[in-house]
Amino acid sequence: MIRRRTLIAAAGATALAAPAFAQNFPRKAVQMIVAFPAGGNTDIGARILASIAEKDLGQPITVVNKGGAGGQIGFTEGARARPDGYTVTFINLPSVSTIVLDPERKAAFKMDSFVPVVNQVLDPGVVWVKADSPYKTFGDLLDAAKKAPGKISACTTGILSDDHLAILMVDDAAKVDFRIVHFEGSAQQLTGVMGGHVDCAFDNVGGIVKRVKSGELRALVVTDDQRSKFLPDVPTTKELGFPSVISSSTRGIAVPKGTPADAIKVLETAFLKAINDPEHIRKMDEQGLALRPMVGAEYAKYYADSHAAATKYTEWALKQR
Amino acid sequence: MDSLGYLMSGLGAALSFNNLLFAFAGCVLGTLIGVLPGLGPAAGTAILIPLTFNLDATGAIIMLCAIYYGAMYGGTITSVLINVPGEAASVVTCIDGYQMAKQGRAGSALAIAAIGSFVGGIVATILLVAVAAPLASLALKFGPAEFFALMVAGLCLVVGLAGRNILAALLMTALGLLLSLIGMDPVRGAPRFTFGIEELYDGIGFVPVVMGLFGVGELLLAAEARQSHLIQADLKKWYPSRDEWRRSSGAIGRGTVIGFVLGLIPGVGAIVPTFMAYVLEKRISKNPERFGKGAIEGVASAETANNAYANGSMVPLLALGVPSSPTIAVLMGAFIVNGLTPGPFLFQEKPELVWTVIASFFVGNVLLLILNLPLVGLWARLLKIPFAYLCTGVLIFCIIGAYGLKQSLFDVWVMLGFGVLGYVLRKLDFPIAPAILALILGPMMEKSLRTTLEISGGSFAIFLDRPLALALLAVPLIVLAAIALRPRAFANLRQTDIE
Amino acid sequence: MSRNARRGWLVATATMMAICLFAIWQSLLLSLTDRLGPGPGFFSFWLSLLGMLFAGLLIFDVWRKPVVESDETLFPRGESAFRVLIIIGAVAGAALLMGWLGFELAMLVFIAGLTFALGERRWYAIGLFAIAGSFGVYYVFTRWLDVLLPPGPWAA
């Protein structure tokens, strides 16, 4: 907490250091493009952030939903926007990466079309089963998968989603072969697993925290290197001996390449402040979404690293087509 | 406290002044959202969520639910008056509802729609109270295999929509299915038949297509006829005649059952039950040729099924925490933000809250009826505006509607293109409804088949293991057999009367 | 059926057949099978084949129908045709203008033009309706309803 406050102070000081531009930007409403439909997980997080950040920005932030094609439509729009700082895009990793890497998608943007500004959420992946499932631990699941290669089914929220890549990571690290079933969204995963049609689900923590707490589902493992504060009793893949299986859905703000550094600085300051705002923290906690604010070089490095990790498994997935 | 006790106390809470106000506001806003273009129920509901941040949880949820089923009704108004479905599910109402309006019976159509929706909603909510939990877990048994079978069975409804020319209907169905395949394919997740046009990556957009085929197409026909007004007939009384009542009552009953049952299955969507109810009504009618020309049973069955579905789809939401459609997903998001986590433990954790919300479904349906019935006469009178204004107005409406969904000018062009197409097809008397049904069912069919095969590892034998799926798959076979064996129907097929 | 209607049906059905043919070609470019069964091109291939079958049967059926001589034309002429075409043209024009000039200006031109073309002659009525329908509607939708419409060139 204290470290965050120092960060804000530093950011604030930097902002003050560029007074001339800061006074001129923004002079009108800023548009935030969310590449997923209204009401979904991504959208809710974006709207909460926007409603709090506009106070510091001094101008309204209009959230525009441009859902479709797994985010491609919204990302394309964001990459093509005028780089004047008035259009920011809420980007999802690894979605941006997988779209760029899939040649059939003919993406109109590349990784460097975006300049990452501030990261908001890092929602780690989680493997869950229904409450009365025979698999009590991740080990049980892997044992079953080893004994019956290609027979134990695992479902995702979409083709080439972070869940899909996570399954491939597990296949690689544990030398198993899951039968992969693709649904569209977490809701379908629920009916699929609860109805007994699929053995387990690869999803993200945010969507299932409440259900784990209420006992509907059992979370077996979190694919991260540290335990989730929302699921403190669930072991991580690192603990269980699979440190290479790290997968999450990360969401943050980016601007098109070529946006002036001064504008980026102003946006960075305002959004960072909003992310650390107690109201924002409270609302995101309620959603079960873990905050991992990152700016500047740290975010840029994460952006690049995430793409590198995604590349290996995306290519593997594409080969399996 | 048992369910009934909770319900009674919930009713008391729902009838409190505040909650009543919220329910009313929700109904008004919902109807407006349904009527206005550019605001689908999902987007409209999402926009209004921040409004509810400042309300208490109960009030917020009551209002959002009221918005949801209010929007279902609002979509009916435009379907009947200008042949433009306000939201996708209202498309079936256009078929007979607009014809009734052309005959001056818009009032009857809207009134019967209001009443049918009311009955459907109330009955569905009663069933919700009675059997939510056990039915919900039963519905979970409905996996991708059963879903696929249901879609195939649904496609056979096409035969019921065929009218006089079965060959043309079959051709349109095939084309509708082909059209529905545009977009990301479920096999590789890559774009298919999009020819590089990004806006097509998600498919061709049901709303612009339907707005064009129905709304714009109708305007072009009316323009050609040089009508001075869109509706030439005199306005009849705004309430249904005794004869119309009699004919509608059965339709309402059947529509309720179909709507509710299908509402239990997550992911079906509102259009399937409305089509099914409509086709069933046509099938069992003694004069099926009246359908498509202003048969009030057509409107009654479709609207009842629509609202019964809307209320019925609350079952998977409340009992399992599974949203049946994108709009309900928005609703669920709103629930969660307001501290209500839908799911099997919802009833245990916060019974007072849940039962108040359920009680407000009853209240909301009543309010909708009270709100909309008196306005029916007013809406009907709108049709008397001179054509130059009405036509331009409707077009503005359609342009905003097509554009507003995804802020895409491409969709406006799609709407125009299908408008011209609809005009041509109507002139030739090609049946359009089968193509619409195919457009909806196509993607769901393909995806569920794909998912089924992913689950079974590529084996079709999975169908043999699942009795429900087999039963549903038997339906099309029975239908086909019936057509082949009934001499009258067969003669119809051979001597297609296209006059 | 009348001669013109028959011609219309034949043309329409032949066009649909051509579309199916195109779809068959496109489907063959995608693979028909996949390791799990039907591939991305599978359904479109068989559907287009079915479509061609239905279209063929339909053409055959229409062909051998007795022709009833009548003056009834399928498509309008004269003023009726003008009205139909003007609506199509107006919407197309509006869509184009909206992309360049934004909603308000495009609608202004669209409304004024179309109401005039459809018979209204009172200039004040046209003007009022046009302004309400363009600027008025824009304001209501973007300010109150949060529906984004294409802004004009003056909004950066």
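So that you can tell them apart, the chains are marked A, B and C in the order they are listed, and the count of residues begins at 1 in each.
Methods note: a contact is a pair of C-beta atoms (placed from the backbone, for glycine too) under 8 Å apart; a residue touches a chain by one contact, two chains touch by 3 or more.
Predicted, not measured: the structure shown is a model, and the values here were computed from it.
Taking each chain's centre as the mean of its CA atoms, which one is farthest from the centre of chain C?
The chain farthest from chain C, judged by C-alpha centres, is A.
Which of the two pairs, B-C or A-B, is linked by more C-beta contacts?
B-C
Quick check for you: compute each chain's CA centroid and the global CA centroid, then name the chain with the smallest gap between them.
Of all chains shown, the one whose C-alpha centroid lies nearest the global centroid is B.
How many angstrom between the C-alpha centroids of chain C and chain A?
That pair's centroid distance is 40 Å.
Which whole number of Å gives the spacing of the CA centres of chain B and chain C?
The computed centroid separation for chain B versus chain C comes out at 23 Å.
In angstrom, rounded to a whole number, how far apart do the mean CA points of chain A and chain B lie?
Computed value for the inter-centroid distance: 33 Å.
Find every residue in chain C that makes contact with two or more other chains and list them.
As it turns out, chain C has residues touching two or more other chains at 146, 148.
Which residues does chain A have that touch at least 2 chains other than itself?
Within chain A, residues 64 contact more than one other chain.
Touching at least two other chains at once: which residues of chain B meet that condition?
Residues 43, 47, 187-188, 190, 407, 450, 454, 457 of chain B touch two or more partner chains.
If you look only at chain B, which of its residues touch chain A in the complex?
Residues in contact with chain A: 42-43, 45-47, 49-50, 140-144, 184, 186-191, 196, 198-199, 201-202, 266-267, 316, 320-323, 326, 329-334, 336-337, 339, 341, 343-345, 349, 406-407, 447, 450-451, 454-455, 457.
Per the contact definition, I'd like the list of chain C residues that touch chain B in the complex.
1, 5, 8-9, 12-13, 16, 19-20, 23, 26, 30, 34-40, 43-44, 47-48, 50-51, 54-55, 57-58, 61-62, 65, 74-76, 79-81, 83-84, 87-88, 90-92, 94-95, 98-99, 107, 110-111, 114-115, 118-120, 129, 133, 137, 141, 145-150
Please give the residue numbers of chain A that touch chain B in the complex, ascending.
37-40, 43-44, 47, 51, 64-70, 72-73, 76, 102, 104-106, 108, 150-151, 153, 158-160, 179-185, 187-188, 190-192, 194-198, 210-211, 214-216, 283, 286-287, 321
What part of chain B is in contact with chain C in the complex they form?
Residue positions touching the partner: 36, 38-39, 43, 47, 167-168, 170-171, 174-175, 177-178, 181, 185, 187-188, 190, 192-193, 216, 219-220, 223-226, 228, 386-389, 391-393, 395-396, 399-400, 403-404, 407, 409, 412-413, 416, 419-420, 423-425, 427-428, 430, 446, 449-450, 453-454, 457-458, 460, 496, 498-499.
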